[in-house]
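Structures given as C-alpha cells follow.
Shared between the two complexes below is chain A, which has chain B as its partner in the first and chain C in the second.
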Partner chain A sequence: MDIKFNHVSYYYNANTPLQTVGFKDLDFTIKEHSFTSIIGQTGSGKSTLIQHLNGLLIPSQGEINIAGFKITPQTKRKSLSKLRSQVGIVFQFPENQLYESTVLKDIAVGPLNFGVPLAKAQKQALATLKLVGLDSDLAQRSPTELSGGQMRRVAIAGILVMKPKILVLDEPTAGLDPYAHEEMMELFWRLHQKWHLTTIMVSHSMDDVAQYSDQVIWLDQGRLIQMASPREIFTNNQQLLMKPQSVIFYQKLQDKGLQLPQIPLTIAELVTELKKKILGTTIE
Partner chain B sequence: MSLVKVTNLSFTYPNQSRPALKNISLTVPQNSYVTIIGENGSGKSTLARLIGAINLPQNGQVSIDDLLLDKAHLNAIRAKIGMVFQNPDSQFVGSTVEDDVAFGLENHCFPPEEMNEIITKYLKLVGMNDYRFRTPESLSGGQKQRVAIASALAYRPKLLIFDEATSMLDPQGRQEISKLIQNLKLKQLATIISVTHNLSEALVSDYVYILNHGEIQGRGTPAEIFANQELITKNHLKLPFTLELIQQLKKAGFSFENEQLSTTELVQYLWTLNSIT
Partner chain C sequence: MSKVLIGRYLPGDSVIHRLDPRGKLVFTILFIIIVFWANNLITYGLLLFFTFWLIHMSKISLAYFFAGMKSFIYLALFVVIIQIFFSDGGITYWHWGILRVTQMGLINAFYMFLRLLINLNISTILTLTTSPLLIADSIESLLKPLSYFGVPVQIIGLIISIALRFIPTIADAAQKIVNAQMARGVDFNASSLKKRIMNIIPILVPLLESNFKMADELSEAMESRGYIPLAKRTHFHVMHWHWQDSTAFGILGLLAVLLIILRQS
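Moving on to the complex of A and B:
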C-alpha cells in the first residue's frame, strides 16, 4: 500500500505564541516497495517528517495514509500502536538506545512488548542477529562490550525483528568507516529487495542517495522543493549544495566543455560514459 | 626533532584477551601533521588515548617533548596536549561558547585578566567569535567542534590530537573542520596528530600510519600510501574519489603515466584526450 501525504503541516508548540513550522503543506505519494531518500539541510524538516510515519508526531493539518491507517489531527496516538509494528524506524546513532543486559534481550524487547511469548521472541531475536551479520556467540554478551559497528547492528536487529513492512532509516551510516558504511548499505539494500520493503532513508550521503533511491524528496525549511528521480534532482539544481561525487566531477568536465549524454550518478556510470565518449571512437 | 616518540608500545584492556595495540613504534616530528588511519576497532583510538596521556602504557614507552609518560610526569605532559574527540555533544562543558574556552584556561591556571584576550584570539581563529555568548544547543555539530578546537588550543599545547573529530559531522561540517585543521598546520600552531578512518583527510598531512588489528600495517607520505593499492584494499580503506576514479579508468582501458593526479589535472587530462580523438 502506498504512503500518502495529503496537504500535511506540522507546527511545534501549535496554537501558542511559540508556534514554529516543522513543515508545511507536504503533498506526495510514496509508492509501495520503493526506495525513497529524503534530503535537505539541518533544520529542513526531515526528522519531523519521519516521526509522522509511525505516529510519534500527529499532523497539525492534513491527512496521512500509511499501512492501512489514516492519521489526521484528531487521531489519538494510542490508536496507532499496531502501526508501530509495521513501520520500523532506525534513528540516528541507534546504538545509544541499547539498554538491556544482553544482546539477545535487547533485540527481543520489541516482540515481547507486542505479546510474543519469551521462547519465541528469543528465537526470533537470534535469527535476526544472524540476519544483520553478527555471530550468535555475541547473543549473551553485554551490548556495551561490543564495538560501535556491532552495537549499531544490534540496534538495527531490534527493529528488524518486528518484520516491518516499512523501514525508515535516519542517517544509518553516520560515523561508520567507509567499509562498514558500504556493508551497512548493502545490508539494507538486500533486505529492501528480499522483504519487498518500502524503504525511506534520510541521508547526507548523496552518493548513497544517487545509488539506491527510486525517488528523492528534497526539503528546505519545511517545504517540499522537489520530488523526483535522483537523476532529475541532481541535474541542473544550482541551489542544491550537496551532490554525488561523480556529479561534482562531471560538472568540472562540463565547465571545460566535455559533455556526456546524461549526468553520471555513480563512479561506475562515469567510467562507462567516459569510455564510450573518449575510447569508443579510437578502438574499433 | 621529534615531539612524540612511541617505542614498542603494547596495550590490553582489562578483561580482554586480545591486545588492542601490539608493539607500536613511531615518531612525530615537531610541527608536523601526522595521520593515523584505520577502520573501526583497529586500535587507532587506543593509540590516541595513550599518546594523549589519558591511559598509561603497560609495555613499551611513550615520550612527549622528551618527557617519559609515567605517573610522575602525567600532569606536565597533559599540559602539553590538547585533544578534540569524536562526539561534539560530549565535550562541550561550558554553558556558553566563551565559558567552554575559559574552562580549560581556568584548569591550566591562566590569570583571569588575560583570559578575555586569549578567548577572543582563539575564537576568532576558528571563526566562532560572533557566537561567543551562544549556548551549545543553538550550534551545529561543526560549530561545536570548532569551539572544541579553540578550547584545546587556548592553553597553548604543543601537541593537538584529533580523535575522529569529523566522523559524526555532516559533509559540510566535515569539510569545515578539515579545512580548519589544514589552516592550523599552515600557521604552525601545534604539532597535529589526526586519527581518522577517512583517507581523503590523510591527503593533506605530512605522514601517514595505517593501523589494523592493533599493529602498524604501513607507513609513508600520502603519495607513497596512495600508490600502494594492496595496502589500501587489505586494510579496508577507500581511496579519495579522484584517485579511485583514476584506478577505475585504468581498468576500463585508459592509460596514465602519473596515477596520482589532482582533480583539476584529471579533468585537464580527460579533456585533452577527448579533444585529440
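Moving on to the complex of A and C:
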C-alpha cells in the first residue's frame, strides 16, 4: 500500500502562546516498495515528519494513510500501537536506546512487546543479529561492552527483528567512519530489495541520497519545496547548497566546457560517462 | 507537549518581565509570608485580586494561565477535602467515626484553598516572567553575603544554573528515548500498574547513561576552556535596579498595611 499525506500540518504546542509550526500543508504520495529520501536543513520538519509515520505524533490538520491505517487529528494514539509493528523507525543515534542486560534480550524487546512468545522471539533475535553482520558470540554480552558501531547494529537489529513493511531511517550513518558508513548503507539497500521494503530515509549525505533513492522529498522550514527523482533534484537547483560529489565535480568540468548527456549521480556513473566521452572521441 | 505551567518561562515584554529578577524573587518570598496574615474574606479576596492584577500586568492570557494551573488546582482541592474531614470546631453537620464535617472545618478548608491558589499564582507569575538563568543569577547574588563566611556561593550558583540549563536538554533526551521505545512497542499507556512501573526501566537506564555522558562532556569542555571554579568573573546579564522595582516594593508595603488594617484581630 502507498503512503498518502493529504494536506497534513503539524503544530507544536497547538493552541498555546508557544505554538510553532512543525510543518505545513504536506501533500504527497510515497509508492509502495520505493526508496524515498527526505532532505532539508535542520529545523525543516524532517524529524517531525517521520514521527507521523508510526503515530508517535498525530497531525493537527489533514489525513495520513499508511499501512492500512487512517490517521486524522481525531485519531487516538492508543489505537495505533499495531501500526508500530509494521513501520520500523530507526531513530538518530539508535545506540542510545539500548537498556537490556544482554544483546539478545535487547533485540527481542520489540517482538515480545508485540506478543511473540519468548522462545520464538529469541530465535528471531539471533537470526537478526547475524543479518546485521554481527557474530552470534555477542548475543550474551552486555550492549555496553560493544563498540559504538556494533551498538548501532544491535539497535538496528532491534527494529529489523519486527520484520517491518516500512522501514524509516533517521540519519542512519551519522557519526560513522567512511567504511562503516558504506557497510551500513549496503545493508539497508540489500534489505530494501530482499524484503521488498518501502524505505524512507532522512539524510544529509547527498551521495547516499543520489545513489539509492527513487524519489526525494525536499523540505524547507516545514514546507515541501519539491518532490522529484534525484536527477531532477540535483539538476540546475541553485538553491540546493549540498550536492553529491559527482555532481560537484561534473559542474567544474562543465565550467571548462565539457558536456555529458545528463548529470552523473554517482562517482561510478561519472567515470563510465567520462570514459565513453573521452575514449569515444579519441578512438576514431 | 503538556500545558503544565509551573517552572515554564514565557518570554514577553511587560512591566513584570522587565523588573529586576532579584527584586521579583524577594518580592515573591515576602508576599508568600504576608499571605499568612490574611484571615478573613476581605483580606484573602484582596490578595487573590492582587495576583490577578499581576497576571493582567504581565500580559499573559488568564484562560491560558488557568488551563496550565488546572492539575495543581485539583491537587489543592484534594488537600482541602482532607482538611474538611479532619478538623473540628463550631457546629457539626455530619460525622462518621473519626471523619466529621464541621463549620470551622469548612471555613478553614475554604481559606486554605484560597491561600494555596494565591501562592501558586504568585510563584507561577515569577517563573513565567523570569528566565530560569536569571532566577539562578539572583539566588547567587542574594547569597553573596554568605561568601564572607566561606560558603562557595559561586559554585552553588553554577550548580543551580547548570541544573536549570539542562532541564530542557534532559527532557529532550527523555522524549527521544520514549519515542524510540514506543517504536519498539513499549506501551506507556498499559492498563496494569505493574507493567507501567516496569516500563520506566527502558527510559531510565538509557537516560541515566546519557546524563553521565553529558556531565562528563560538559566538565571536559569547561576544563578545556580553562574554567577555574573560584575565579572572579563578571556576569553576562548585568542586573539593574530601576524606579519600577522600588515601586513594586512600595506596592507590597501598601498591601501589607492594608492587610493589617483589614484582618480580623
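Here is the rule we use: the second predicted complex is superposed on the first by the 283 of 284 C-alpha atoms of A that agree within 3 Å, B and C clash if a C-alpha of one lies under 4 Å from a C-alpha of the other, contacts with A are read in each partner's own complex, and residues count from 1 in each chain.
The definition used in the following text is that a residue touches a chain if its C-beta (ideal position, glycine included) is under 8 Å from a C-beta of that chain, and two chains touch if they have at least 3 such contacts.
No experiment lies behind these values; they were computed from the predicted model shown.
Participant: Using the superposition on chain A, tell me whether chain B and chain C clash or fit.
Facilitator: Because the two structures are overlaid on the shared chain, the partners are seen to clash.
Participant: One more residue to check, A:Lys78. First (chain B), second (chain C), both or neither?
Facilitator: In the superposed model, A:Lys78 contacts chain C only, not chain B.
Participant: Looking at the overlay, does A:Phe114 come into contact with chain B only (first), chain C only (second), both, or neither?
Facilitator: Second partner only, chain C.
Participant: Can A:Leu274 be said to touch chain B (first), chain C (second), both, or neither?
Facilitator: In the superposition, A:Leu274 touches chain B alone.
Participant: Between chain B (first) and chain C (second), which does A:Gln51 come into contact with in this model arrangement: first, second, both, or neither?
Facilitator: In the superposition, A:Gln51 touches chain C alone.
Participant: Tell me the contact category for A:Phe91 with respect to chain B and chain C: first, second, both or neither.
Facilitator: The answer is second: A:Phe91 touches chain C but not chain B.
Participant: Could you let me know whether more residues of chain A are touched by chain B or by chain C?
Facilitator: B
Participant: Figure out whether A:Pro17 sits in contact with chain B (first) or chain C (second), or with both, or with neither.
Facilitator: second
Participant: Common interface residues of chain A with chain B and chain C?
Facilitator: none
Participant: Applying the document's contact rule, which stretches of chain C touch chain A when the two form their complex?
Facilitator: 1, 3, 10, 60-61, 64, 173, 176-177, 179-187, 189, 201-202, 205-206, 209-210
Participant: Which residues of chain A touch chain B in their complex?
Facilitator: Its residues touching chain B are 41-42, 93, 147-149, 174-180, 204-206, 241-242, 245-246, 249, 252-253, 256-258, 267-268, 270-272, 274-275, 277-279, 281-283.
Participant: Which part of chain B faces chain A closely enough to touch in the complex?
Facilitator: Against chain A, chain B makes touches at 39-41, 86, 140, 167-168, 170-172, 197-199, 236-238, 241-242, 244-245, 248-249, 251-254, 263-264, 267-268, 270-271, 273-274, 277.
Participant: Quick one: in the complex, what on chain A touches chain C?
Facilitator: Going through chain A, the ones touching chain C are 12-13, 16-18, 51, 54, 56, 77-78, 81, 84-85, 88-89, 91-92, 94, 96-99, 109-110, 113-114, 144, 158-159, 162.
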